[in-house]
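To start, I am sharing the structure in question, which I have written as structure tokens.
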Amino acid sequence: MQVIAKSRPVASPPKAAGHLVRDGAGLVLILAAGAAGYWLFPDNLALLTRVIAIALLVLSLDLLVGYCGVASLGQATLFGAGAYAAGMACLRGVTEPMTLIAIGAVAGACAGLVMGTIMLRAHGLAQLVLSIAIVQLAHEAANKASAYTGGSDGLAGFSPSPLFGTFEFDLWGRTAYLFGLGLLVLVFIALKFVVASPFGVLCRGIKEDPVRIRSMGAFVFPVLLKMFVISGAVAGMGGALAAISTQVVGLDSVSFELSANSLVMLVLGGLGSLYGALIGTVIFMGFEHVVSAINPFHWMTMVGALLIAVVLVAPGGLGGLVSRLRPRLRGRNGEQP
Amino acid sequence: MSELFRVEGLSKSFGGLAVSREIDLAMNAGDRLALIGPNGAGKTTFVNLVTGQLRPSSGRVVLNGEDVTGLGAVRRVRKGLVRTFQVTRLFSDLTPEEHVTLTVLQRLGRATRIIGRFRGDAEVSAEVESLLRTLGLLDVARRKVGEIAYGQQRLLEIAIALALKPKVLLLDEPAAGVPSTETPRIEQALEHLPPSLAVLMIEHDMDLVFRFARRVVVLAAGEIIFEGLPSDVAANEKVREAYLGNYAHARRVA
Amino acid sequence: MSGRKLLCAAIGALLAGTVAAAADTIKVGIIGPFSGPFALQGKNFQAGVEAYMALNGKSVKGHDIEVIYRDLPAANPQQSRALAQELIVKDKVQYLGGVYFTPDAMAITPLLTQANTPLVIFNAATSAIMTQSPLVVRTSFTTAQTTTPLGKIAIERGIKKVITAVSDYGPGIDAEVAFKKAFEAAGGQVVESLRMPLNTNDFSPIMQRVRDSKADAVFAFLPSGPTTLGFVKAYNETGLKQAGIKFLAPGDLTQESDLPALGDGALGLLTTFHYAVSHDSPENKRFVEAATKAVGGADQLSFPAVGAYDGMHVIYKMIEATDGKQDAKKAVDAVKGLAWTSPRGPVSIDAETRHITENIYLREVAKDANGKTYNKEIQTFPNQKDPGLATP
Amino acid sequence: MQTVFSIAIDAFAYGMALFIICIGLSLTMGLMRVINLAHGAFAMIAGYIASYAQRELGTGYAVAILLAILGTIAISIPLERLLYRRIYGSPQLTQVLMTIGITFCVIGITNFFFGPTLKTIPLPAALSTPVDLGFRTVAGHRLFVMACGVIVAGGLWFLIEKTAFGIKLRATVDNAGMADALGIKTQVVYAISFAIAMGLAAFGGVVAAEFLPIEPYYALRYMVTFLVVVSVGGAGSIPGALLACLVLGAIDTTGRYLMPDFGNFFFYAAVIAIVCVFPRGFLGRAQ
């Protein structure tokens, strides 16, 4: 039994031209939304930067859940690896932001390699439980290694040098936001290429039927492991961005809570299209921010109600609502021989 | 030289239940062999054993003179031992063109590439197109598999298998579940399989078997009980027993 | 509501002796855990703030004061920074206050200088925060500060050997280190130090370790809530209490909001802390009355409220000194050395460290006339500074 | 030797406490194939009811347990009808989303009504006094929890193996379509199973409150533990869940005794090892 829905149509891989047009339009939309965020909420840029960092985490999770059918409740392990690596590097004198992002990506990728090696030994629920155990172990390890990570007090006291030598990561957070937005767009474009590559199609095949893929003569494990590494790199960049923009790394960045939240955001937005990951992150965090500012005492109830409502109204996630409005085409509905 | 494929003493039991017993079988290039037998005779198990989805309890599988018993399913496919499935196992969100492209890319060792687009290589496209044309799938090439007719899905199964350039092809009931109006197209496709290919087909439809096969093997209760010309099958006492005995001695066989 | 606000402003203006043509509004942003597992602590922040404003008016020198609360449910530095940035840039607050967790405070400190905004910490109790920025003032305590007197107390009570058992996180380790230092300096011996994972549910095995260690007493530090409850329960149930093994801890463990749940099991526990709701002084009576009203129930009031109350006092003094102008340095300078009588007793802001100097009390959990358990103050250690900051 | 016994008793008590709460979740996950992350929320509701009954209504412990079970089942029935029915057979991630949503709502609502403080469920004198076992004293309620665990395990075994309902249940689990065709009212079987699962959650929530104290965050705090225990045991298997609780309880307790500093490492390393060796849990059925 697979953890992941078989029923939801993955974004259709249409004719090459339509493909480009659609992704181009999507990219323009993201940029427009990013710019709108910059102009409309100039006073909330730190929040928006945080949204971007988490969006990278959720994107990385979509690569695993949405494209490979590997469910994880431990994705924050990869995010945290990137965040701590960037923080520690910065504390030891590597302060150039681009380099820090690269360090985060490498650390995340390494963590992804380890995590994938363990998690891919199991399927379904057992896999989910492995991911939980891994993130808990990582959390403990980060807490224990307080000489390097600052433990529960957090890793603080580092400051990245200005971007390109001129733009400071300052109070208003313009640099951090634009830097993050640029990073997100670049990562998004790269991932669009990845999922459209032969490798991406192969992954989607594995998600639906690994037996079939094997009988086509392709190995499953190395392919999934490769996706774990890519996913780790993306999550690691998210973590590094968080570290650079906040200048603190806390234990929360390797927590089960963050992992669970990122999965909730992904399912909320819809799996397997990359857009869903962005939509889910923005809606969840925006909702949380607004509701908790209005009434901090009741935001949990509100968020809970939102999640229930989404399941009842839009089981495919909010991103899926759009495609549901188009003429519905029935696929194999969750059946699996 | 002429022998391409052989199984020797292939046995498999689940718990105490033997589902395959000491099966010996050999095939040459260009063979057209039909494997028939009553329900539960262990035909699909046999295919699973040969292709490596199941590990045999004992026995060997030899391909092109090489013992492949120890190899996994993937390696066997790469060595030219390819199968189709009794129930279509296709990706409902991909198009036939994408299925075949993915398979061709896999064969060329390019399916795991991250750099480069899925489509775009002229040579690959040409091969895909020619395969789809051979099987009459060109007009549905860009529709999602979930939307095309079941007969077409069966043809796509064959197309995928052929895209792997197999030496030995195991067809697990290629016409199963296909409405009779669509069977001729499948028959046609089977007739046009590459002549050098060794084909083993499991099938219930005896018309199809007689038209296609030059040799028939009958499997009953995990054992080969007949091997010979299609024209001799019906007359064989053991075969009659195996098929009809089900009714005559239902209790004993069960 | 707004009418009363106006009235208050008018009275405030009169009292301050200034004639404000149009009262301006000074905003104070408070960050705390108002939801989630620590919601009670956030509620206490709010109660402290509201109590102070109820007792001292809602304006200073004609400047109306508006408090904006922002929810930060758990330690999350990224969110903390985002909230602080929003408060500063969007809501244009002149003062930041609150902050329950250390990493959250650490995330805010880099912003302060550029924002020209002081941060008054109501709780976050790690020494190191103060060195991150000159614009931080703290009105709570540090774990080292509240723990240190215990070392001497233990020796005075004839305890020679102690086993420490703390939760394995920053404050727990701070407490372990501080106690060990003070106790060994006084001539005692720490025979063993245990660090327990934060999510320990069953403490019986730990109690077995305590028993095996043959120590005279156990020193403990755990976060408030279920863990403390589990620990104290296990201490009673495994018979350690009957065996005469003493229980020493900083007062976080017997905070008043947890006492009803701890029940009789807590009787006789010795803790040191800067504040007990039962503290006997007119200032505290006024405070408790006002804060209880704000928090909504007598059994929910505990120490973060007094940190917030005094924090508001400091912020009021800052506003007074700067007369409503945004000048963080001047504001902080104005409260250096500031001394006043808090509900917890006489306190002052150390001019050098900007951390609060306060009395630490030894308390024993006892029953009052109505049969309710409370922290009974039995010994006072006056004017304690933070030892963590005194010796860098 | 004495220490070994002592640790063994603690481990057994803790394992049994986990078992009583988790077995209900194992049933929902194994039989109804719902990953009910809100399981802890129902245990928590029961804890609040029991606490309220005793402290505000002045009932006894036994009555409080009964009220808690009935109350929790009463609350769960409309939830099953309105929400859970929509997600039977849904993809597991949809179930996760829905049940996390329910958990959040329950937490928010209990926080609103009962406040954020810890709630205790007073024990009767018989259970709160320590019992002397010769080599050590054990709290009476620990013995009580052990006894309850054994009774629940035995009772469930009897229900599923020996009663007509058990046969229907097993038939439904093995093949719901077939069971339906044979005239078993699978909807009813589901509803009853759900009620039993919730009742067990409620019972566990109250009885094990001495280990896992009742507070609004209960539902999230222990969510992972419950899920891990059930998966390690194999969803739907009573002996599996029992084995998992005892093994994990033993590892947890021993680990925390031997090396308290690394208590969590032991637990989760053991989980990884077990899951790698038994991908379906100790006694899980093939999926």
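As written, the chain order gives the labels A, B, C and D, with residue 1 at the start of each chain.
Note that contacts are C-beta pairs under 8 Å (C-beta built on N, C-alpha and C of every residue); 3 or more make two chains touch, one makes a residue touch a chain.
Treat the numbers as computed from the prediction; the structure is a model and nothing was measured.
When the partners of chain A are compared with those of chain B, no chain appears in both lists. Chain pairs C-D and A-D differ in how many C-beta pairs are in contact, and the one with more is A-D. Each chain's centre was taken as the mean of its CA atoms, and the one lying most distant from chain A is B. Chain D has its Cα centroid 49 Å from the Cα centroid of chain B. If each chain is reduced to the centroid of its CA atoms, chain C and chain D end up 37 Å from each other.
For this pair, chain A with chain D, the centres built from the Cα atoms lie 32 Å apart. For the pair chain B and chain C, the distance between mean C-alpha positions equals 74 Å. The residues of chain D that reach two or more other chains are 111, 261, 264, listed in rising order.
Within chain A, the positions touching two or more other chains are listed as 6, 140, 144, 297-300.
Within chain C, the positions touching two or more other chains are listed as 35-36, 39, 168, 197.
Applying the touch criterion to all chain pairs gives A-B, A-C, A-D, C-D. The touching residues of chain C, when paired with chain A in their complex, are 34-36, 39, 42, 69-71, 74-79, 81-86, 88-90, 102-104, 106-107, 109-111, 114-115, 126, 128, 132, 168-171, 173, 197. Those residues of chain C lying in contact with chain D across their complex are 35-37, 39-40, 43, 165, 168, 194-197, 199-202, 204-206, 208-209, 212, 225-226, 229-230, 233, 237-239, 257-258, 260-261, 263, 296-297, 299-300. Here chain A touches chain C in the complex through residues 42-47, 49-50, 53, 140, 143-144, 146, 150-154, 156-157, 159, 170-173, 242, 245-253, 257, 292-293, 296-300, going by the rule given at the top.
Interface residues of chain D, counted against chain C in their complex, comprise 3, 6-7, 10, 13-14, 111, 115-120, 122, 130, 136-139, 142, 210-213, 215-218, 220-222, 225, 252-254, 256-257, 260-261, 263-264. By the touch criterion stated above, chain B contacts chain A in their complex at residues 51, 53, 72-74, 77-78, 82-83, 85, 87, 89-95, 98, 102-103, 105-107, 110-120, 142, 144, 146-147, 160, 164.
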